[in-house]
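In what follows, subunit A forms one complex with subunit B and a second complex with subunit C.
Take a look at the complex of A and B:
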């Protein structure tokens, strides 16, 4: 059932392409703005790049996360999904996974652009970088899917989602920026282990909360 | 339904609060010793710390009320949660106001990214979102349900926020860490009394708000009945 639900989200996106295209265009536009406003000098850019990078991804993620639930309001699709014999928690995991996939795909396009435009050197340890990125994406998607479900039927939900999401993911953002900076600085894992552990705890806590309470969130 | 303020218990609580509020103020200004380093600025500690304690208590109540609401679906838990969230945020605001008033003369700058202060600020922002959800949602059961979920998620996030901010600004660990047991009796007992008065104030205001919310939902119920 989970596979069917994720496939449905991906298929809708594959046909309409509205989420990914807006994510990538928006992300590229912010990256360009950064490049223009900070007039990159390689040294100063190295210092600020991790923070700027994660801000781009956080902004961009809001588009996907908001759309993941607002899409279901069209033709009252959500009521029909709810009437299907599927557990609500599975529905949460499907939203969680599709949000994660959209974020990863958008990053695969935006990250090279970011390194190119801001003239950053590639990090030596790419595997660590990928691991951190995937975990942080899971965290953003877990908290975001839950909040997106929460605000779905509230007025002005497109405004409320970032308002709720940004303070909620502060610990994740801090840890992501610190880990990315350490990796780009070639520091050994022991030096930034704490940040990695914080990312993992955030992912676990929000995945569990979402899994356990989505039932109450999705109920009509 | 009788008025909240005409209840015997409310009158007694309000009376105790009025008397002890003045007593604490007197003790703080005239009895407790003046800190040799911080002078009068240190006195705000008798209000700043209890505000922070009550803010934390308020958010803890929001979480428990949220859990109980989700289990029992009884509106009274929602009233308790909302009232506690309002008070928690009010006292959060007091912490955010009294902190910089103290920090300006002592640290030389009104704001520092000190972990506790930053955590309070983040919680404050999260709860502004909570109130927006409540205001923009309808009056129905769904809004109550999602608010309960938000209250739970927000509180469970506190330890992660605190640890991350603590290590993020490791150079901003300026916050005083007074061990209360090592303080002189005048400081210790004045502080304890202030803590007690603040807690009682919280309970009193909480009961008042819950009462108002109950009346409100009764009136709304009548409106829908007609």
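Take a look at the complex of A and C:
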């Protein structure tokens, strides 16, 4: 059932191309804005870059998280799914995974642009960088899918989602920025292990909360 | 048999359903009538657990539907007031997807047959975003032909249907009646409902006002509760 639901989200995106195009366009526009607004030295740019980078991805993720649930509302397909013999926890995981996939695909396009336009050196340890990015994406998607499910029936949900999401993911983002900065600085893992552990904890906690409470939050 | 016992629902401080109880026997066609805002659609949505209820119990063949696993909803099929499809997908893709949600794997020929049966062109591959209200309603009926159900809950099924569509719906209902299947129909059109249903229940201000038994079309009214 999980595969059916994730495939459904991907097929809808393949047909409509609404989520990825808006994510990439918006992300590229902010990246260009950063590139042409700041003219610092390469050293100071490397200090700012992780923070700027995660700000872009947080804004971009809101587009995907909001759209994935608002599309369910358009012809009230969400009621159809809720009334079908589908466990709501599985529905949450499907939204969580499809949000994660959209974020990863958008990052695959935006990250090279970010490094190129901000003239950043590639980190020596790419595997660590990829691991941190994937985990933070899981964290954003877990918290965002849960909140998106909660606010989807509210009239001003497009405003409410970022208002609730940004404070909630602040610990995750601080850890992401610290970890990314350490990787770009070639620091040994031991020095930023705590931030990495914080990211892992955030992912576990929000994945479990979403899995357990989505049944209640999805009903009107 | 569907049994709804003392169901209550409030949206904020506004009570929508107050101690609603009703039963639908196997093979029975029950009509639910009432003015706008009387709680008809909410009751249907509570039965299929789209909306939570504040009190009471709902069971299907003795098994509770509330707080039960998703499998308990398998015998029930809800066709709501809104179409319940994905606009970017085609009619066939929507039907195929919904069948998969019910654990079915219908062949393209089955899907095409069901689409043809409700008067939709199976060769039409465009997104259903371009469909009219009537076409979406026909597609919803194709869903009822694709999914095996024991109780069908239909909310305003005549909305958007033209004369031909209404006649097709009437034929389908008669076929289901002959197959001894249970239906819960909600409509504003009391005349249309009474021509199809075995029994009618009227909701007003969230309470059941009267239950009518319409055996051989000679209506016998039984006062259940006064407002």
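Just so we're on the same page, the second predicted complex is superposed on the first by the 219 of 220 C-alpha atoms of A that agree within 3 Å, B and C clash if a C-alpha of one lies under 4 Å from a C-alpha of the other, contacts with A are read in each partner's own complex, and residues count from 1 in each chain.
Criterion: a residue touches a chain if its C-beta (ideal position, glycine included) is under 8 Å from a C-beta of that chain, and two chains touch if they have at least 3 such contacts.
Because the structure is predicted, anything quoted here is derived from the model rather than measured.
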By the touch definition at the top of the document, which applies to A:178: first (subunit B), second (subunit C), both, or neither?
first
Contact-wise, after the overlay, does A:41 reach subunit B, subunit C, both or neither (first, second, both, neither)?
neither
Kindly classify A:164 by the partners it touches after superposition: subunit B alone (first), subunit C alone (second), both, or neither?
first
On the superposed three-chain arrangement, identify whether subunit B or subunit C touches more subunit A residues.
B
After superposition on the shared chain, which partner residues are touched by A:190: those of subunit B (first), subunit C (second), both, or neither?
neither
Which partner chains sit in contact with A:15 here, subunit B, subunit C, both or neither? Use first/second/both/neither.
second
In the superposed arrangement, does A:202 touch subunit B (first), subunit C (second), both or neither?
first
So in the superposed three-chain picture, is A:219 touching just subunit B, just subunit C, both, or none of them (first/second/both/neither)?
both
Give me the intersection of subunit A's contacts with subunit B and its contacts with subunit C, in residue numbers.
216, 219-220
Of all residues in subunit A, those that touch subunit B in their complex
143, 146, 150-151, 153-157, 160, 163-164, 166-168, 170-172, 174-175, 178, 194-195, 198, 201-202, 205-206, 209, 213, 216-217, 219-220
With touch defined as at the start, can you tell me which subunit A residues reach subunit C in the complex?
1, 4, 8, 11-12, 15-16, 71, 74-77, 79-88, 216, 219-220
Residue ranges of subunit B in contact with subunit A within the complex:
70, 122, 125-126, 128-129, 132-133, 136-137, 142-143, 145-146, 148-150, 152-154, 156-157, 160-161, 163-165, 167-168
Using the touch definition up top, name the residues of subunit C that touch subunit A in the complex.
45, 48-52, 69-74, 76-78, 80, 82-89, 93, 97-98, 100-103, 127-128, 136
